[in-house]
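You will see chain A twice below: alongside chain B first, and alongside chain C after that.
Moving on, here comes the complex of A and B:
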């Protein structure tokens, strides 16, 4: 098990990470959810032994690794947010290089390269230079390099940033399959709520350097268990309508984006007459509305007053 | 694992057309251009331009000599031997003789003695690189100074500054003549035998040495080596720049996570640089061997010097990488490639023979890695021995150790996002 205890990191006067505690057990997928700048990458860098914490400790099987990071590095695979690949090498050459520096035996390495290329869906283009790959292919190879040596723990720092939906789906499925088939524990950081919701058993929500909520999906959503989330679609956006909604005491967590508005309302509260009268008052045509159980996005909005992607 | 680091480095470098062009094609082009363009003033494969010197003598030296001897006071009696000695070492005749009788000097300087012409007229004419003006009673005053301890007269030398190299050579010659003449006079006055003491032939103080024991170098030889050492410096900047890309793209994090020791990583930069510079030298020297027929018969000395210089390049690459990593920018390697190489090339004599500007600068140049290496290559090309090469090897070894120590000291102990 890897544990992070009261971990903090200051960069001059800025506190990037503030007293973070988390753990990951073998075989589970843990999500680290938070907006950009929340401190996820800095936490990951400390967890991966790449930067020293200002305060706190990182434990592997209850043993601190700060002075001797070698043991943890031996069981880690890290997928950085950046494309950490040689652009002038092919996919196979990149895998060969990173496998060699992991001191993998030549025969084992060649076998693993074939398996990994298939897992990441690049088996048909292993001899193309990485610089000629699409963004999605690079992201997939970025993951392939990290899992080549079959680490016990795989840390993925926003592995789907800036790619097309098809590649994103492929990556999510690969990660899920990897965890199910190899029992590899995965820490997955993202600011995409739906990715974390799809993949992870347990979730930590981070904002402004601190963990603001943690637990299983159900536990976190229980924060809003007495409320429903309502999605409203309008014919066109109306500022006056949104302003009127903001004045309604029964509504909370109002988030308006063009013609779509989301808010939470206490279960059993009859909000429909109020909604219709506001539409009439502002000459707004209501296209549809939908009442749902709250999502992680709603929880984040509830906890921070901001949407994840703002 | 170490081999993997080297193989990766080589593949990346050879797949970059701009690097291959800069490190292999550019030096070849420059060797070609400079060898032909500057061949005329480098000697060897083409003759150096003859220096035109005019000597304007306003008086008759023999007449002045006779007058001084005749007018000697009665208490100063000279025997015939002493009179003959003085007559044989009259300064103006000796200077003229020195410049015109020596065969090597004849190839270098063409002397014209002008009678009855004014200095202004000759200077205005502009046909001469150097004008030596001997005043009217120069010999008379010179002899009187000798006998009666009066103030010694001076003659004037006018150098054409637009012909900097030839002017410098002549200035060296004249200074040397004055020094030797004074020395000989002093010896004579102190009754030390001078009959068999020949005036030593003048030497031109220059990094392209023409010392008797060493052969002359051609411009193609000079520029093969000067361009090679300059472009080998670029390898250090290139490799340090590439290593910073590894940090910037977090590839270095992956290398650290693979439990590669920082020392091993730095060592891989050094060894990659050495291997790359050896390949570079092989290509450049092969080119000059086939195109200019430059001899590398003493290959073992060339190899020794190249390996030591390559180690310096590796050490510079490691040092620049360390500074880049520490400052979290590629500034150090960029500055090195865009400015420092040019400065080192200037002081090291890659553009032209720096000693023609100043012997002091030439000494400074010997302490630049490329300057020491260039001087070493030229020494081997001029049939210098291993012992002639030792000062160069010593300087280069010192620089290699110094830069390596600094590189290992400055390299940050962790990677990651800082």
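Moving on, here comes the complex of A and C:
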């Protein structure tokens, strides 16, 4: 098990990570959720021994790895947010290189390369130079490199940034299968709520360098168990309408984006007459509205007062 | 380490253009500035001698370096000098020669001296031949020929040297200057992937791999050094074995003495990589620094002709100054090793400081 204890990191006068505590048990997928600048990448960098913390400790099986990081490095694979590959090499050459620096025996490495290429769905194009790959293929290879030496813990830092939905689905399924088949623990950071909901058993929500909520999906959603989320679609955006909504005491977590508005309201509260009268007052045409159970996004909004992708 | 090194070579084989272009540029510039620009002094010739004798004399004159002799009529040769197209003409006569020169031609005594030497030798040989019986001419000619190849006395010329004296070979200077200058770009190109690896997070993958940081640095440093060294060896070999540039017997010694210079340039590049956070900044610093270093270090012109105390003082910060001192010491100056310790020491000192500070700064820079 990896444990992070009171981990902090200061860059000059800025506190990027502030007293973070979390743990990852073998075989589970843990989500680290937060907007850009929340401190996820810095936490990941300390967790993967790339930078040393200002304060706190990282334990592997209850042993500190700060002074001797090689124990953790041996069981760790990291998928960086960037495409950390040599663009002028083929997929196989990249895998061969990154496998060889893990000091894998040649025969073992060649077998693993074949397996990994199949797992990431690139078995038919191992001789194409990476620079000629699509964004999704590069992302998959980026993951493949990290799991080549069969690490027990795989840290994935926003592995689906900037790719098409098809490749994204492929990656999510690959991650899920990998976890189920190999019992590899995965720490998955993202600001895409639906990815974390789909993959993770447990979730840590970070904002401004701190963990603001943690637990299973259900536990976190229970924060808003007494409320419903309402999605409203308007014909066009109206500032006056949004301002009037903000003045309504029964509504909270109001998030307006062009013609779409989301808010939470206590279960059983009859908000419809109020909504219709405000539409009429502001001359706004209501296209549709939908009442849903709260999502992680709503919880995040509730906890931080801002949307996750801001 | 070997895996990183092999991968770098593989990447170079996929993108060899930069290495090849720089090598070609060095050769081209060194050739044009050192060899191609050295035009021969054209000397007009008109003669009172018969054709056979005139040709024989002209063939002997051609042995004087950097001179070329063209036969004209008397009127033409004189008019060429009068019109300023030729600086000098020579009139061959039975009992000697006369030089016709333009007023500002400064090398008349030198040419006159060389021609006198040749003229007296040829006249002497003719006198010997004419004094001998006709049936012995062949035998005498043979003896004269052997005497030319195996003289009774070997005469060596040497000059007194002192610190003020300036020994200069434009071919070697251009070759060394441009090699030391342009190899900065090749070495920097070898270090550049460190910045890219850091930016692309490949460096992170290397850091958390099973190999140590020392191996990572060693592989990168060795690769940059060997790229530079290979280029220098290639260029100097082309000029030594191909073009025939005289290294004054110090060809292999110069290949050895260029090593400290290259180590210093690798260290300098590592230092720049540590302070430049982006590839753009790295390139800007390298390109902005290499040219002044070349100018201050004497790559374009010898420092001995520079009078400015400021420039001479600034030349002390350019590694090219010391690189050229070493290479000139190994070749044209034929310096004893003791004279090379100072530039060698400065280069090694620069290497240690720049490499130490550079790696330290790189390691301190965090996410």
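Operating definition for what follows: the second predicted complex is superposed on the first by the 310 of 310 C-alpha atoms of A that agree within 3 Å, B and C clash if a C-alpha of one lies under 4 Å from a C-alpha of the other, contacts with A are read in each partner's own complex, and residues count from 1 in each chain.
In this text, a residue touches a chain if its C-beta (ideal position, glycine included) is under 8 Å from a C-beta of that chain, and two chains touch if they have at least 3 such contacts.
Fair warning: this is a prediction, and the values are worked out from it, not measured in the lab.
Chemist: Taking chain A as the common reference, can chain B and chain C both be placed on it without clashing, or not? Answer clash or fit.
Modeler: Here chain B and chain C cannot both sit on chain A without a clash.
Chemist: Which partner does A:85 contact after superposing on A: first (chain B), second (chain C), both, neither?
Modeler: Both: A:85 reaches chain B and chain C.
Chemist: Which partner chains sit in contact with A:50 here, chain B, chain C, both or neither? Use first/second/both/neither.
Modeler: both
Chemist: Check whether A:235 is in contact with chain B, with chain C, with both or with neither, and answer first, second, both or neither.
Modeler: neither
Chemist: Answer with first, second, both or neither: which of chain B and chain C does A:101 touch in the superposed model?
Modeler: both
Chemist: Which stretch of chain C would you flag for clashing with chain B, going by 77-85, 131-139 or 221-229?
Modeler: 221-229
Chemist: Please report the chain A residues shared by its interface with chain B and its interface with chain C.
Modeler: 41-42, 45, 48-51, 73-74, 76, 78, 80, 82-86, 88-89, 93, 97-98, 100-103, 129, 145-146
Chemist: Under the definition above, what is the set of chain A residues touching chain B in their complex?
Modeler: Within the complex, chain A contacts chain B at residues 41-42, 45, 48-52, 70, 73-74, 76-78, 80, 82-86, 88-89, 93, 96-98, 100-103, 129, 145-146.
Chemist: Quick one: in the complex, what on chain A touches chain C?
Modeler: Its residues touching chain C are 11, 41-42, 45, 48-51, 69, 73-74, 76, 78, 80-86, 88-89, 93, 97-98, 100-103, 129, 145-146.
Chemist: Can you list the residues on chain B that touch chain A in the complex?
Modeler: 1, 3-5, 7-8, 11-12, 15-16, 249-251, 253-260, 414-418
Chemist: Chain A touches which residues of chain C in the complex?
Modeler: 3-4, 7, 10-11, 14-15, 199-202, 204-211, 366-367
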